[in-house]
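In what follows, structures are represented as structure tokens.
In what comes next, chain A is part of two complexes: it sits with chain B in the first one and with chain C in the second one.
Up next is the complex of A and B:
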């Protein structure tokens, strides 16, 4: 059996439960790349154009890491996951980009484009076909994986609810999961805040079914699906947390729009924007985090 | 008499103050960092010691702030190591209890702090880019062949400031060269630069913030009267600059040192100790963390920068 490689970057953090459960159900072996390191960023930078965002560079670094360790790499192409919306153009281009960068590498196709009638289910059936499974077998595995994913979402929702109940200072980390969970980006913030005994709520720990309803309160029409979720999460959590930290990788297009919207419409909520490039020194981040925490405490009383 | 020492070690300049128990400044020192914070702090200590030597003052606490706060704080055994925002707010509040807005432009950072009833309610800092900060002004001054200290005076003599794009340092440079070659007068270009620094600040760092008076303008750039005037014109209100405006961070950290004092007497002879710092790239894993090791008289006193135990250095 051929081994599939999963690069830990970008869409991996949205779909890893679904993908892994699907491969588990079909008993296909897979490996994941390591957590991000400085080396991974270096590898990615060599392959990537300068203008791409840090997260893209990290993703390419992971592909570079994986390329000799497995037989094929799952590279998703996602254009739209909701009918009248779109996702980041990097996700549209990812498949073609990798195919051109690595002409000899075998890629596992995964194409979702709801706007043009390519549904997620079909993507999985086609992926199963490429791996040599019948339609019914793939469909069955997809259904199982989908159930597991639902349970995972419920878990996230519950953990969010539980965290809101603590009496500790609560901070919402708002950003794409691939930034929040990356060792070189969000984990640095997480480690600092954990040390200061702060309860950290991730923006994706909100009920998925409330996204469309919540986002209406801030903007009636958001074209970017993933950023719609971020806006909704901000509205959903803003009154129950003490502060929000926006984490974004430079230069993210959709984020530049929605971060601005949050900053303008935040009302009385405290918001800190942290932008990550590949050369952020820890001291610059800590200066900003430390002063943010001082502010949440209401200043130091003398 | 009891005293407390506050140090603000910035990228461009190093500031030091000694205060008494009533937060009055007894002595101060202000000089260039010149890329060597350790040496600069030693010089500041020499100056401060000289200024207070006749007045039996016991220094009971040291506070540091600024981008080299950790390094210097470790070296001097500081009891308070705090970020610039908090230090500036505390320092300024001790002199101007009613201040509502602090505009601060330093060497590589620019920030705005909003206060309400003596508490920080909001602040912002430049994110990635250092356009429109002190280092930008000094490099442009060099290009025009004038001393950055004369910048403000020359700017005020202009009646017709040239407009210069200051969104990005690189664009500003090419715009500047272009304007020089077109034949604009030097003083108009300089005044234009001051305006572009102020408007760049208001459009970036201070964007969306409600700027209410009293407004204080601080940081090294506040010494430039050209930029101060530009702020006043753009905000259409009075902007206060204090003659000690550059010392507010140091003052704040001295106050913090007073608050956190462990009542141990600080010994000025520490300035004669030999401090060495070196950066080691840890090869423990692929992160290649840069670990900074500080040695005092050849003995390791602290190390930091490692992300995991592999890079831990035994002291």
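Up next is the complex of A and C:
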């Protein structure tokens, strides 16, 4: 059986439960790349043009790491998850980008484009076909995987609710999951805040069914499905947390506008914007985090 | 209060758009002052840092228009970040303390005539469906003719004997078109000027340098944002082929998409977002039609083009086409661009001579 490689970057963090349980159900072996390191970023930087965003560089680094360790790599291509909405154009181009950078690599077909009638279900059935499974078998596996994903989302919701009830200082980390959970981006902040005994709430821990309702309060016209979730979770959490940290990678396209929207409509809630670049040292971030924490406490009184 | 309309600049398209708005609403439409250093300085002062350049230009246009007394602002929309411009710009301008109405023409993913009709009906109660269609078709023809004349000029402008003769011709053409009463007189003017355009003396050698101009749409269409790159190229006696214009974006693109998809199968399986795949197709087209080089322009941080550039590089390498990438931001230094352009020009001439 061929081994499938899952690169730990970008869409992996949105869909990893779905993908992994799908492959588990079909009993296809898969491997994941390591957690991000400085070396991974260096590898990605070599493959990419300078202007690409940090998350993209990290993703390419993971692909570079994986390319000799597996037979196929899953590179998703997503145009729209919901009708009348779009996603960042990097996800549109990702498949072809990797195909052109590594002409010899075998890629798994995965194309979701609801606007042009390519649904997620079909994408998984086609993927199953490429791996040599019948339609019914891959459909069954997809259904199982989808159930597992739903359970995972419920779990996240519950943990979010639980965290809100604690009496510790609460900080909302707002950003794309691939930035928040990355070892080189979000985990650095997580580690620092954990040391200071602060409860951390992730932006993806809000109930998914409330997204459309909450986003109307801040920006009704936003058309990026993923940034819609961020805006909604800011509105959802802003009154119950002490502060918000926006985490974004430089130069993220959608974030550049939605962050501006959050900063302009934040009202009285306290917001810190941290932009990550491949040159960042921990010290610069920690200085800013320290002053933010001091501000949350009400300033330093000497 | 008297309503004065304004919209952001986009090259010479300000004339057909202005005419369309005037015909539809019968209100005063402000002539937005041409883009200067002040415009971009104003725009980038109030914009988020890492946003793409068209946002800053548009915001600068809006601020200048508001200062001049406009109180109804028009913004379009489309794909990528452009669709979200309207809302953020409205928020920024309101935070600055201006009082205005903001109208987004294309609120969803593509133009809907019914939506457009209701927007204009709100301004002009006497607007009938017939008039609406008539005005729309007029604007459509105006844009098409403008693009066609532009194409003729672009083929010849580098070799004109008398300086600025084409510039004068285009100015006269636009002035006449603005006064045209209906589509028939517009068509007449177009053919008249097409003839005139062909009569202007040029000194074009048979194997002149030919360069294709590809890239992101705003930097291709707005002269100021690409530092008059086309003019500089013309001064080197180069024939220019530019693909992106409003005609292309409005209807040609949808028509060509299936053909393009088939032609670029080697490099792209799917569309790349915005004009990404089109640019890959253009590289192949330019090679096929014997062009010497390609100039690619984009604003700094343009996500779809960043995704497309590695593919473009590979396509250009395999087709053996020289390609140069320009990334424009709000800085207004010309020298860096001119130096690179000169080096590119030298490379093309050397290559051409070696072929002989």
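Everything below uses one rule, namely that the second predicted complex is superposed on the first by the 300 of 302 C-alpha atoms of A that agree within 3 Å, B and C clash if a C-alpha of one lies under 4 Å from a C-alpha of the other, contacts with A are read in each partner's own complex, and residues count from 1 in each chain.
Assume a residue touches a chain if its C-beta (ideal position, glycine included) is under 8 Å from a C-beta of that chain, and two chains touch if they have at least 3 such contacts.
Computed from a predicted structure; not experimentally measured.
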| On chain A, do chain B and chain C fit together or clash when superposed? | fit
| When the two structures are laid over each other on chain A, which of chain B and chain C touches more residues of chain A? | C
| field | First (chain B), second (chain C), both or neither touched by A:270 | value | first
| query | With the C-alpha centre of chain A at the apex, what angle separates the C-alpha centres of chain B and chain C, reported to the nearest 10°? | reply | 80
| message | With both complexes superposed on chain A, which partner does A:112 reach: first (chain B), second (chain C), both or neither? | response | neither
| Which partner does A:25 reach: the first (chain B), the second (chain C), both, or neither? | neither
| request: Could you look at A:180 and tell me whether it touches chain B, chain C, both or neither (first, second, both, neither)? | output: neither
| request: Using the touch definition from the top, say if A:141 reaches chain B (first), chain C (second), both or neither. | output: neither
| Once the shared chain is lined up, is A:291 touching chain B (first), chain C (second), both, or neither of them? | first
| task | For A:52, decide between first (touching chain B), second (touching chain C), both and neither. | result | second
| request: Examine A:39 and indicate which partner it touches, taking first as chain B and second as chain C; both and neither are also allowed. | output: first
| said: According to the stated criteria, A:230 is in contact with first (chain B), second (chain C), both, or neither; which is it? | reply: neither
| query | Rounded to the nearest angstrom, what is the minimum C-alpha distance from chain B to chain C in the superposition? | reply | 5
| query | Both chain B and chain C contact which residues of chain A? | reply | 250, 264, 275
| Touching residues on chain C, where the partner in the complex is chain A | 48-52, 55, 79-81, 83-88, 91-92, 95, 104, 107-109, 267-274, 276, 300-301, 303-304, 306-311, 314, 327
| Once bound in the complex, which stretches of chain A touch chain C? | 48-49, 51-53, 77, 79, 84, 86, 88-90, 92-97, 99-101, 111, 113, 115, 219-224, 250-254, 256-261, 264-265, 275
| field | Of chain A, residues touching chain B in the complex | value | 34, 37-40, 250, 263-264, 270, 273-275, 277, 282-283, 286-288, 290-291, 294-295, 298-300, 302
| note | In the complex, chain B touches chain A at residues 67, 70, 82-86, 89-90, 94, 118-123, 125, 127-128, 208, 255-256, 259, 285-289, 305
